[in-house]
Amino acid sequence: MSQEKEKLIAELVNKGLDGDMDSVNACEDRVTRSKVKAMIMKIKKGSLDRPQMPVSLSDTPNESDDTGKTDDKTTEDISQKIKNMLLDNFPDETDETGQDGHMYVRPDKWLDIATWLKTESSLLFDSLQCQMGIDVGEDILESRYNLHSMVHDHYLEVRIRVARSNAKIPSVEQVWRIADWFERETYDMLGIEYVGHRDLRRILLPDDWEGWPLRKDYKEQETYHGIVVPKMKEGWD
Amino acid sequence: MTVDFIFEGLNQLFPSFAGNDIFLILAMLLPFAGLFGFITIYGFGVIYSELKVSSFIQDKTGPMGQGPGLHAGKWGLLQPVADGLKLFFKEDIIPASADKPLFILAPFLIFIGAFISIIAVPFGEKIIVADMNIGIFYVLGIGSLAVIAVILAGWSSNNKWALYGGMRSAAQIISYEIPAGISLVVVIMLTSSLSMQEIISYQAGGLFNWVIFDNPFMPIAFVIYFISALAETNRTPFDLPESESELVAGFVTEYSGARYALFFLSEYANMFVVSAVAATAFLGGWQSPFSDFLNTPIWSMFWMISKTFFLIFVMIWIRWTVPRLRVDQLMHVCWKVFIPIGLFNIFGVAIWTVLRG
Amino acid sequence: MGLVHGEEMVLNIGPQHPATHGVLRLQVRTDGEVVSQITPYMGYLHRCFEKHCENVTYEQVIPYTDRCDYLSSMSMNFGYVVAMERLMDIKVNERVEHIRVVMAELQRIASHLLCTGVFGLDLGAFTPFLWALRDRERILDLFEFTCGARLLYNYMWVGGLSHDIPVGFVESTFEFLDYFEPKIDELENILAHNKILVERSADIGVMPKDIAISYGVTGPNLRASGVKWDLRKNDSYSIYDRFEFDIPIGEGKKGTVGDCWDRFYVRILEMRESVKIIRQALASMPKDGDVHQSLPKKIRPPKGSVYARTETPRGDLGYYIESDGSPIPYRLKMRSPAFTALSVMDEIAAGWLLSDVLAILGSLDIVLGEIDR
């Protein structure tokens, strides 16, 4: 076996063990693939030590280990640029934890920031593409906004994290009108309260539904108007 | 006329009982039985033709069958029978909050209105149930009975959609009676009679003696009458009272089974009446288009029915082609287009008659 | 209108009503026939799509996307696989891309046919609806020929397709296109230039540009307002950048830009463009290539998130997928185009007559399956 092949196997085994079985499956040489799989099995059983991860030798597309954001460079540039601008305009409002594709904002002045994002002539984020809520665990809920500018054609993802105990975020429904229904939906599903929303009701579920279904600790109510609510099954059974 | 005719005929057949009251009653009932039979057969015919014409227009086959059996019969001929049977066997629901007496009355009222108009329709020189000297006036008057029935149906159902349908219908039918009446006035001016038979005898002598070709104003009057007739019978593009995509079913929303069938049938009966009036007033009624050729009583029935059916066919054709108007546009067409043109038409015909005749 | 004010009445259009295109309830306040306020109530068709997705594996999500917008299932599949492939960084081969484009565009035609037909039906014209369904039926036959299903296909998989196209598909599709192109003119003639339809839809329910953008209205509805915005060109996902086609926009030919007539007419124009794309895609489709080539054995995307948008017949369909490295999505959000289109109802339809409100609703082309999810 050549040096190169050994290296490749070692690399794939490491990837497979890290959960990236796709790159293993994408390997075109069947012999190599089966060897890799056998090795992984052995390592999992404990009969073999994990090989050293070799220095990267190929640049196959399977190798990228980014966060999934494959947007072109301009997106990252713009988010960096905005972050700097934001720091100038609203000091203390951004979190430094934001990564390339997105930025974190503190909830307190979100309405002002949103208005600024929409009206600032070099940004002009006039379109709210998507707004979603997510339960990231550790008692933290996140509200994410995918913004897009029709004029400049650039994107930005803004994330706001709040604690469950105080899940309050200023509403931007009067900045982008579509946020009206998006925020109602997030409220419906995750119970994030959008302060200043003029019509914050449940939108998809009935008004008297209990609980916030998309929170990770959601428990269905036992009965609803005398109807037994069927239990959701775990996984696929 | 026919009542007298049958009475005399019965007297001659049975001379020993001449002048008996039973003959008089028989003479009155027979034409009605005949008329009722005619309406039933006509109903089946027109429903079948509506199905088939619409299928032709819409690129589908429509009712089809392979022979006599429990399915729709040869060429689907039994489809209307099946439809009728289904409607009559369905549960008859009266909503709890409906105004019961009025709710029950409405379908009968509309059907009676449509049915008794037909007695003034002439099918031949002698073939007419009642040859009144105000025949055309009578048909117009009785035709308005439908408005009352539709409002009753809309109101008594205690349903918002039905109410909308009823109110729209009232506004629509009352408005469109004016252009319809105005365009018939032109015919009356020309023929100087309100009697159906005299209007027809004015048009004797072939195609070019028909009222529609009498003078340049008459085609306009015919078009106005025909469109107004469409509106009066609630056919597309004027089917706002029951526009199914807006008002669910308008004033018939709450009706089911046999009561619904009566509304359904009276719409078709109304179509027949307005088409027959149009044929009588503009297209020579039972007169043959070829002067004296084929002008016997049997042929006269044929001509009358075929002219009427041609107009009904046009109505069906229009129904399956055009979208529906909106309420304000409907009123716009009536008050701002048809009535001025109709009045101008009266003026024009008056001058024409003075100059030419 | 509405100079004389009478007593207001509250009217519930739906949930069972012929014009609501599903189970939607519009609570309208009317003064006579004039509608002063419209409040949509949704959720009658809510099937917990997003909650379900957190309990099934990534590949099991695909059939659920079918059922969201049941009138354009192919496009829903397409959006999901594009998002997943972006998340996992999978490149699919040329043949797969071409087949996907052909399917998505056929689906666009089918969906637009239904929309234009139903718009006619809402205005009282029954015949064009059946003509549209007749042609749509042939597209469904093509889909059935390909994957055996007529409505819910589950055809596009992450990294490939469930089946290759059958032998003779390309010829049948060309045959269909030759048949279909004159039929678009027929549909246009009977509807678009019909005097009554123009009267009913021109200048009705005008949606200005800024309102459309602020309400997140996308797709043909946005283009009818005069915004040249089409993700197939502007985002050029898949291989759309290779094809020659125009983006039709509303020009206000019969009334104001952004009225019901424009929204309806843009869809007719788009069908023509889709025919162009299909012709090009079929012509340039590689003869061989395994549609299962890049299919991953187990879908286990890396940790991270992706927001990918595609152009469905109803507008921008966005999938926001948050992955925690397990085979089950941590959170999956669908940004549905009809949801945003419906939200603009109150803004553009208040003040019109009851008949107009239903015409506007018809012109927005909503599908309740996708709004309620």
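First chain written, first letter: the chains are A, B and C, and each begins at residue 1.
Please note the rule applied: a residue touches a chain if its C-beta (ideal position, glycine included) is under 8 Å from a C-beta of that chain, and two chains touch if they have at least 3 such contacts.
From a predicted model like this one, the values you see are computed outputs, not experimental measurements.
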Geometric centre: closest chain by C-alpha means: C
Chain whose mean Cα position lies farthest from chain A: B
Intercentroid distance (Cα basis), chain C paired with chain B, Å: 45
For chain A paired with chain B, centre-to-centre distance based on mean C-alpha positions, whole Å: 68
Approximate Å spacing (C-alpha centroids) for the pair chain A, chain C: 26
Junction residues of chain B, two or more chains touched: none
Interfacial residue positions of chain B with respect to chain C in the complex: 54, 57-60, 160, 164, 236-237, 239-240, 243-246, 248, 320-329
Of all residues in chain A, those that touch chain C in their complex: 19-22, 25-26, 61-62, 64-70, 101, 126-130, 132, 134-135, 144, 146, 150, 153, 157, 176-178, 180-181, 189, 202-206, 213-214, 232-236
Footprint of chain B on chain C - complex, ascending: 9, 11, 17-19, 33, 120-127, 130-131, 134, 190-191, 194, 196-197, 199-200, 353-356, 358
Chain C to chain A touching residues, read off their complex: 42-43, 46, 48, 50-51, 54-57, 60, 86-91, 210-211, 213-216, 227, 229, 234, 294, 296-307, 309, 316, 318, 320, 322-323, 325, 328, 330-331, 333, 335, 339-340, 343-344, 347, 372-373
